[in-house]
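Multiple structures follow.
One chain, subunit A, links the two complexes that follow: it is found with subunit B in the first and with subunit C in the second.
Right, the complex of A and B next:
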């Protein structure tokens, strides 16, 4: 019960996701394993962008440069991997992840040192990273190693599961979960994670309690950069080339964070919610496409869902509190 | 026992300058093992600046701080904590979105000692997995204190630890603080209440205008001496309070404000009283007895769940705080921050209700506004040296602004919620005669205060609220503190004697 209550937002999101999957099946009876795999693949870069945004928002900030950082890491990987051996590509991938973390850390340092508001610094960095990406590669090009391209494709054959079930576990989803789990769960359990929540909840109080506010903030931005780099690699993997123009990931990441139960302003929420939210938003698109709804209407529906869910969540939380008080 | 000779904490010739303001000039402070030292000073004397320097939040321009004889560069609160100086600030240090347990993890506080001190403070049944944002203020203060003591401080700094506590908890806190003497810990104790200082402190160190002007042993009767040191000899204002006297019962007529069986959920139950023209009606209650709801209902912030309000004999219903203001009920909340625009000027803050009255698209009559504001500043003797931004003013001066805006707007009724909480004695002594003066001019005042000694100084009558109900209405001339205290605890005079 305690777990259920604490994770009530995520449980609610999962229920919505299940309903939407059922609805998809109803609208398009032959929607199955292949469809779900496509969904996971399409959601992948959005999910990494959302994870990156979520950790910064939890720390009480915002990062407008996420999509640009994805572009920089994507083109860097594409340029370096073109002509590289499969073995070299592993080192390149690791280098790109380090590059992302470094870019994020630079964002953090600039915010901490200049004391310019985060929204201003990262807006400036949005343009800077965009320029850097174009300098590295001024038109879509480069290449990607075969193993990287294969990473999000297909399903996971689990020996103890029949083919019909395991085909519903796309590699893209597993890859996403592993990446998030490796970074997020150790962080969340550590004191560092606690400090990131603390500075997001109340920077002043955290400072007075002896939390190293600046260090925690730089680390939060750095982890965001790392997730952005994962997003960049995924982009290169799925297209086989690097694209220097940032995709629509910035506002989508903010949308997923809000829908995912992370409070703008900091201190509340996690990474799981925003990732489920990404799937919900993607799936809504799929359904509306199946229904042949005008694409312009699609965005209106997405916006409406976002406000409605956040509002409903607020109302439910308020009613829960009242019942507890009574 | 030679260790008591070496001071645990020694701050000497500490100086801090902000622009043109010399906040601290050669301030010093010494705390020995097993000693509780009161740090005293009127608002603006430099207390907060000294606290910030001791806790590492600010660096001094000159001077040094030593703990156990070794000098420390207080670069950050983390360093100060590591050296053994554990502060309990005026506001809670619990991170609101984290659970109590996570808050303990953040400061590496052991759960066992924390539990022990929580028990001593009478809150042993608190759940550690509760999110601290849902806890009442008094509980948070107790958590702060228990955590600080559990951190095994060399020097414990307590800044207004009792300010938001109900009386029964204050006693527990004072007991626990006193018991720390046996652990040879040094304590710096900041409080506006002399009774508490007399009860726990060994010595008092007094600041005035950024300088340490003296250090006295605390013994009965030291209060006068301390007040004199704090005020720098200008004690003329003391007399003013005594002279103002308390007006007798006003002539009968329709009351200015009448509450008829007013209820707000379970917290306020069928409260009936009258506030007459030109009367100051005191409200006395322990923490959380329904006084908050009463003021919120009367000021239109919350709707009553039952009962009616009458103003000048006519029933009123408030849909919005503006409706209450419209009929002349002006609310001054206990938390000044919620009443003021901290980043705007003194002028704008005072003129706010006045300019809100100008029609939506009409020009604000600037000249009349200026005159009225100047009059309010004059009348309340607001220190306007830092008038550009309100947050730069001392607490006492901010409070004067919250009251002054309503006198400037000619509000007929003031609803004051603990107007003297956390402000210096000089300002308090300016506020008391002001209340009497306003009453003499026909203004009605509903005056909740947590400082019982104010009741006979300011009020005509007093209502006592206990667990949501009015349990007593007394003529303020006939009360003394112990009587009010008994009533506030819901004890009838007779039953108290019988028990």
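Right, the complex of A and C next:
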């Protein structure tokens, strides 16, 4: 019961997701494994962007440069992989992941050193990374190795499950879960993860209880950079090339983080909520497309959902506080 | 030794001077940039160039005023790019539909409406301003795209008086100064001398204390964001006159430079500190900087990189210079 209450936001999101899936099935009766796979593939870069944003927000910051970092890592991968052998491509992918972590660390380092607010530093870095992406690749181009392209496509064949069930587990979803699990769960369990929550909750209190505030902050941004690099690799994988102009991932990441129950200001929330939120937002898009609604109306609906949810959340929080005070 | 002490004294006095008049280092930086530009490309600083710089800095400074006002309360308004675009686009299409006089109120109505929604979300529902304004921006751009499909056949037209206001100049004085000078005086007066202005600073300095001393914070927020929306709408009209080609992304690319102008101008993003005069200089600095990077024929990528580095460097140095502690 305690677990249920603690995870109530995520459970609520999962219920909404299930309802939306049912609705999709009702609207489009032949929506099945292929449709779900498409959903997972489309959600992949958004999910990594949301994960990156979530960890920074938990640490009490915000990163406006995530989409630009994704562009940098995507073009780097595309440029290096063009003409490289499949074996070399593995090393390139690892290099790109390291590059992402280094870029994130630089963001965090600049915030800590200059003492300029996070939002201003990452705003400036948004231009810097955009510039770097354009310097690496002036126009969309480059290539991607075959295994990378194949990574998010298809489903996972599991020997103990019949084909009809296993086809509902897209590789893209599994890939996402593995990446998040490998990075996030060890981190969350560790002392470092606790410190990241602590500096988000109250930087001063964390400092006074002996948390290395600056180091934890740099690491949080660095992990965000790592997730952004994964997002960049996924972009290269899905298009087969690299594009230097950042996609719409910044806005989407902030929306998913807020919907996912991570409080702006820090200290609360996790990575699971934002990722479910990404799927919800993508699924809403799918449903509206099936209903043959004008894609522009979809944007309005997305914005309205986001605003309505945060408004309701704000009012509920206010009521809770009043009840506690009374 | 006495010399060292005297130096220290001057240093402290210099620092105090800077924190009392934070515009001084900004004006020095602006002058230095203009001198550097003249050295790089001798003869560029002439009447036409000055007029052009002011002409492009004015709408940026107006858009940045929305950021300064909201940042004073510890907020931010990221919907102004969308709001300005909506006003400009609605204006251009409504001129042919309802005449150029009726088009102005029609174009400004959605701006105020979106501003009120922002104010309601921030003030009443206590939503973080960043999220609230991002969301309304998203809704606004969607509505605009739907609206565009209805008016696609009507075509668009830029009324003569907006073109005159946006592009005309008299010697080194662009006509848009006629709009901007009273506007800037109004904003500065409002911030320094009126109760509303003081409330903005007070809310940004300590929201709880302000509430406890009897201020209804939600009313201030509602008025503030509605005002911000209105200013953004008017700026949109000015951009329409300046660029003369209404599109769905007319003002959107100027949003982040507007935030940067306010930040460079010394407005604290945490609230309670900042002046509009600083923001105006910030907008001028950014405009000159953009010309400089263009004149030096630096490729696009390097230009953006330098732009980001310079914003960060200026903010960091400025923070050190005016830090009171």
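Methods note: the second predicted complex is superposed on the first by the 309 of 326 C-alpha atoms of A that agree within 3 Å, B and C clash if a C-alpha of one lies under 4 Å from a C-alpha of the other, contacts with A are read in each partner's own complex, and residues count from 1 in each chain.
Here is the rule we use: a contact is a pair of C-beta atoms (placed from the backbone, for glycine too) under 8 Å apart; a residue touches a chain by one contact, two chains touch by 3 or more.
Since this is a predicted model, take the numbers as computed values, not measurements.
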Report task. Kindly classify A:267 by the partners it touches after superposition: subunit B alone (first), subunit C alone (second), both, or neither? Result -> first
Requested in this report: Name the chain, either subunit B or subunit C, that contacts more residues of subunit A.
Outcome: C
Query raised in the report: So, A:251: does it touch subunit B (first), subunit C (second), both, or neither?
Result: second
Query raised in the report: Touching A:202, do we find subunit B (first), subunit C (second), both, or neither?
Result: first
Query raised in the report: Between subunit B (first) and subunit C (second), which does A:33 come into contact with in this model arrangement: first, second, both, or neither?
Result: neither
Query raised in the report: In the superposed arrangement, which partner chain does A:14 touch: subunit B (first), subunit C (second), both, or neither?
Result: neither
Query raised in the report: Is A:62 in contact with subunit B, with subunit C, with both, or with neither (first, second, both, neither)?
Result: second
Query raised in the report: Hey, what residues of subunit A end up touching subunit B and subunit C alike?
Result: none
Query raised in the report: Inside the complex, what are the residues of subunit C that reach subunit A?
Result: 76, 117, 121, 125-128, 130-132, 134-143, 145-146, 149, 256, 259-260, 263, 269-270, 299-309, 311-312, 315-316, 319
Query raised in the report: Okay, in this complex, where on subunit A does subunit B touch?
Result: 2, 191, 194-195, 197-198, 200-202, 205-212, 267-268
Report task. Sort out for me which residues of subunit A touch subunit C in the complex. Result -> 62, 110, 114-117, 119-121, 123-136, 138, 244, 251, 254-255, 258, 264-265, 294, 296-304, 306-307, 310-315, 317-318
Query raised in the report: Which subunit B residues qualify as touching subunit A in the complex?
Result: 55, 57, 76-78, 81, 87, 89, 91-98, 102-103, 105-107, 129
